[in-house]
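Note that the chains take the letters A, B, C, D and E in the order they are written out, and that residue 1 is the start of every chain.
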Amino acid sequence: MKALLRREWLIVLRAKGAVINPVAFLLLSTLIFVIAAPDAVGSQAVPGILWTLVLLTQLLALDGMYRRDFDSGVLEQTLVTAQVPFVAILTRIFMQWLSAGFIITILGPGLGLMLGLPAHVAGAVALSMLIGTPALSLLGSIGASVTVGFSRGGVVLALLVLPLFLPTLIFGTGLVEAALSGGNLMPQIYALSLISLVALAIAPFATLAGLKISLEMQ
Amino acid sequence: MLTMQSLVCERGGQGLFDPVSMAVAAGDCVELTGANGAGKSTLLRTLAGLHSRYSGSFDSADSLFQGHRLGLDGLLTPLENLAWFAGLEKQPVEQERFLDALQRAGVLAKAYAPCSELSAGQQRRVAMARWLVSSRSLWLLDEPLTALDVSGQDLLAQVITEHCALGGAVVCATHSPIKVANKRTLGLAFTSSESQTGDGYPSDDPSE
Amino acid sequence: MTESALKRLWHKLGSPRWFFALTTSWVTVLGWAALALLLWGSVWSLAFAPADYQQGNSFRIMYVHVPAAMLAQSLYIGMGVAGFIGLVWRMKLTDVAIAACLPLGTVVTALALFSGSIWGRPTWGSWWEWDGRTVSTLVLFFLYVGIYALREAIADSDLRARASALMAMVGTINIPIIKYSVEWWNTLHQPASFSLMEKPAMPSEMWAPLLVMVMGFYSFAAFTVLLRMRTEILHREINARWVRDWIQGKESH
Amino acid sequence: MKALLRREWLIVLRAKGAVINPVAFLLLSTLIFVIAAPDAVGSQAVPGILWTLVLLTQLLALDGMYRRDFDSGVLEQTLVTAQVPFVAILTRIFMQWLSAGFIITILGPGLGLMLGLPAHVAGAVALSMLIGTPALSLLGSIGASVTVGFSRGGVVLALLVLPLFLPTLIFGTGLVEAALSGGNLMPQIYALSLISLVALAIAPFATLAGLKISLEMQ
Amino acid sequence: MLTMQSLVCERGGQGLFDPVSMAVAAGDCVELTGANGAGKSTLLRTLAGLHSRYSGSFDSADSLFQGHRLGLDGLLTPLENLAWFAGLEKQPVEQERFLDALQRAGVLAKAYAPCSELSAGQQRRVAMARWLVSSRSLWLLDEPLTALDVSGQDLLAQVITEHCALGGAVVCATHSPIKVANKRTLGLAFTSSESQTGDGYPSDDPSE
């Protein structure tokens, strides 16, 4: 367990890309958006725009989730050697979340301001992302595990997971909107937590199955 | 340690080779031979649990598997790779042991360089160091001689001999014989056609 | 039923020959039922059912739209169930079922979308409105496409089977969540005009033909799926003894 | 040349993913957007939104542009064997455009309608994409060639090329907006064509240089 | 066909081996030997123009390069791969020649299967078929014996012998000698230290 976490951590350190880049991508695409559609800034649509960008960022970060380990044979070793692969899988998912969802959570409020959200909803933005992004990492992991064997995984992955991301998107957006309109946040909070929990329940098993399938392709 | 009963690995619903039955006991070193495409790698992957399309049955102890892909993380140094692997096996992380293993494998000089900057043979040697660290008794090796220079090939023979002497067992697919004293040979060939049912259905007892 | 008995049943189901024998009668029945129901239903709904007092005749699209929409969802859930069975009991036949549900489901979903938007023209005054049902149907469509892309990408039949089974299951688990979330979302900012989407309190002479059409659609689906499964069995078992016997039996007639 | 084109074509056929998927991804992300931000539909912001999504689609399609050939060693062979690697590179870029930019062009008007653009600007949308997307493929190819050696190319790539995409984005959006406001389209058309031409002039050389650098990493 | 004057490949600004000077003429078969990490692969990549960090100079004819990575597209069949390669060399696409080559290499049976579904040795054999198709006279081969079964190794020796007999030349990095009649050997070693300028600067005349 400790050794696994250590490795993940080292990789994050070495391939700094993994950490810095989701940040940069999110910032850049927000920027692009602001440049391309200035009329949208400060509009009703901002929460939705923000969450759409979060989704796409997650998507981009997902693609590499298992690819390196698959190509190098590290994945084989993990499944053959580890007594309980779930630990390894959960570790990986956790790190993926740390290097994407968590950072997104930290950036979220700032981007909100960039897009013209009032400061008083910053908390809500952060909260929505904090309890929403785990679901993205967990569900995304399933899609990544099934597509890692493909030559052109990228977009099949997108196809598979984007529909699964939809509920998170809706409730995440809803939470921010509710905060904007000063409504009650509880329903969205419950819903998001529920989704993340369901995802947590199925993701490890589904991912394991997916990885096994991908490994059999060799 | 490993027993196979009329085991046939399948690809695309086709049996690859004649049914294999064999019992590998502690101390055995089995050389797995066969022409290109005979099914050696597939058999090893099956025994390692990475390939589930087969008929017949087998029963094996926890194994160490070394496929065509080495399983080293290019971003990490040999030392870090060994530490990670030990962690997988729930072993304590002791740098000295790892350094000894690397020294034995002859890549101590590269202990602190990222694996992606190692030459083909050097990476092979790091993989060998991993076997030395591992606690598994059954080794499944796929063409371990690849990319090893002469000294490396001798070293490999030594390592395998010792492992068997210590009550381990090795199944090793190879095209050029390994210099191990009393080894057995398992040849894969495809002669008969009744192993080739070709109906595309899994055996009734996937025994999993 | 005890666990072992269940296992035996599944193994029996898994044995193609048994399945083939069992379903021989079913296909014929379903086939004729589908034909009859669809004919009867469409004639009834198009010709005899009374026109809607406010929508006039455009409402007759309902007789295609609603069955299509319902079937679209049922087929996906069917795929999920088949996937589950296939993964747990390693039953190859279930993949044939998935392979059969997939194109049918995609087409039917498209039909629901298409008929819906045609219907939307006169009633909403636009081809498309963003609303709970429209969105969840659209997402359903993409779930189908996703699995289709997945199957396209995998060459080995066995792995293709397992992968699509897995994703079908995951998708099925998510369908209720998607539906619920989307329905909830649509209450957030729903144009008023959607009262029409609520089940209209229809007079019986309006919904009776609808019922017939729904049954027709479902039996047609069951018919095609079974048929494909049986053809696939024959295809795979072609050199098995019982298949030859069966074929000879056919020819002798 | 013919043989090269044939190979590219075969690959597109085999990895159908490559063709069908950019389509699906673009549709999906538009869908997501509409769901998340329905208030933006039909708003002033639509042209910008549309082009932002096009950019992100291109980005996702770019990642795999050279990766497969790099990992398999096909790239080595091309550079060692081909008398004029430019031909090979241009072939690849062209196919990438066919399987992404071209499809986007075909879809564009439909998506515009989806996002509530009036039908009469459909032509402008298609035009903007027809002369805009080549620049994306060409400039993207440069970024892809430099990052193909990286373990986690995906997001570095995004970082490198998104800024290069900005001018295309701006003028593409501008063209559609001009059409909306019934203004004169010529300036944007010239600008977009110019950008694409400049990109065409530099992309082959830059890509070749990038690929050489990446290959030296081994 | 190939001449090297005091050539030293560098990695991280360090010379890898003692300066190499050699002239390879038509008909020569040179075996490139050296311990793991000696720099064989790097030297071959340099000669192929894939590695530009070296001192000294060399001058070589158009070459065919076979590295650790085979350069086959897994999505394409062997036939299609050969056609693509012939296209790269601006050769006409003649299926018969390709089929002959595949037959010679012993993978005719897999001519129409995607290369990703070939075994390690089968892929090696397809690569060999590519050499047969190629029109290049200078072959740079990196450990071509890898994954080949016994018959494959004999075949390789034959192919190389013939190529040299027809006025070609082969430089071949290997750890186990290839059965070719009159071959020369070029051993890479790192003894002296003045080749190791270690100043990290590229040579002043990369001669490109």
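Everything below uses one rule, namely that a residue touches a chain if its C-beta (ideal position, glycine included) is under 8 Å from a C-beta of that chain, and two chains touch if they have at least 3 such contacts.
No experiment lies behind these values; they were computed from the predicted model shown.
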Identity of the chain that, by mean CA position, is farthest from subunit A: E
Two chains sharing the most C-beta contacts: A-D
Centre distance in Å when subunit B and subunit D are each reduced to the mean of their C-alpha atoms: 44
Distance from subunit C to subunit B - Cα centre to Cα centre, in angstrom: 47
CA centroid of subunit D to CA centroid of subunit E, Å: 36
Intercentroid distance (Cα basis), subunit C paired with subunit A, Å: 32
Per-residue multi-chain contacts in subunit D, two or more chains: 15, 17, 21, 24, 28, 35, 38-39, 68, 71, 151
Of all residues in subunit C, the ones touching two or more other chains: 139, 142, 145-146, 149, 153, 156, 182, 185
Residue list for subunit B, restricted to those that touch at least two other chains: 11, 53, 68, 74-75
For the subunit B and subunit A complex, residues of the former touching the latter: 45, 48-53, 63-65, 67-76, 80, 83-90, 93, 114, 136
Touching residues on subunit C, where the partner in the complex is subunit A: 87, 139, 142-143, 145-147, 149-150, 153-154, 156, 159, 162-163, 166-167, 169-171, 173-174, 177-178, 180-182, 184-185, 188
Touching residues (chain side subunit A, partner subunit C) in the complex: 139, 142-143, 146-147, 150, 152, 155-156, 159-160, 162-164, 166-167, 170-171, 174, 177, 187, 191, 195, 198, 202, 206, 209-210, 213, 216-217
Of subunit D, residues touching subunit A in the complex: 15, 17-18, 21-22, 24-25, 28-29, 32-33, 35-40, 43-49, 51-52, 55-56, 59-61, 63-64, 68, 71, 150-156, 158-159, 162-163, 165-166, 169-170, 173
Interface residues, subunit A side, partner subunit B - complex: 1-4, 6-7, 10-11, 14-15, 68-69, 71-74, 76-83, 88, 212, 215-216, 218
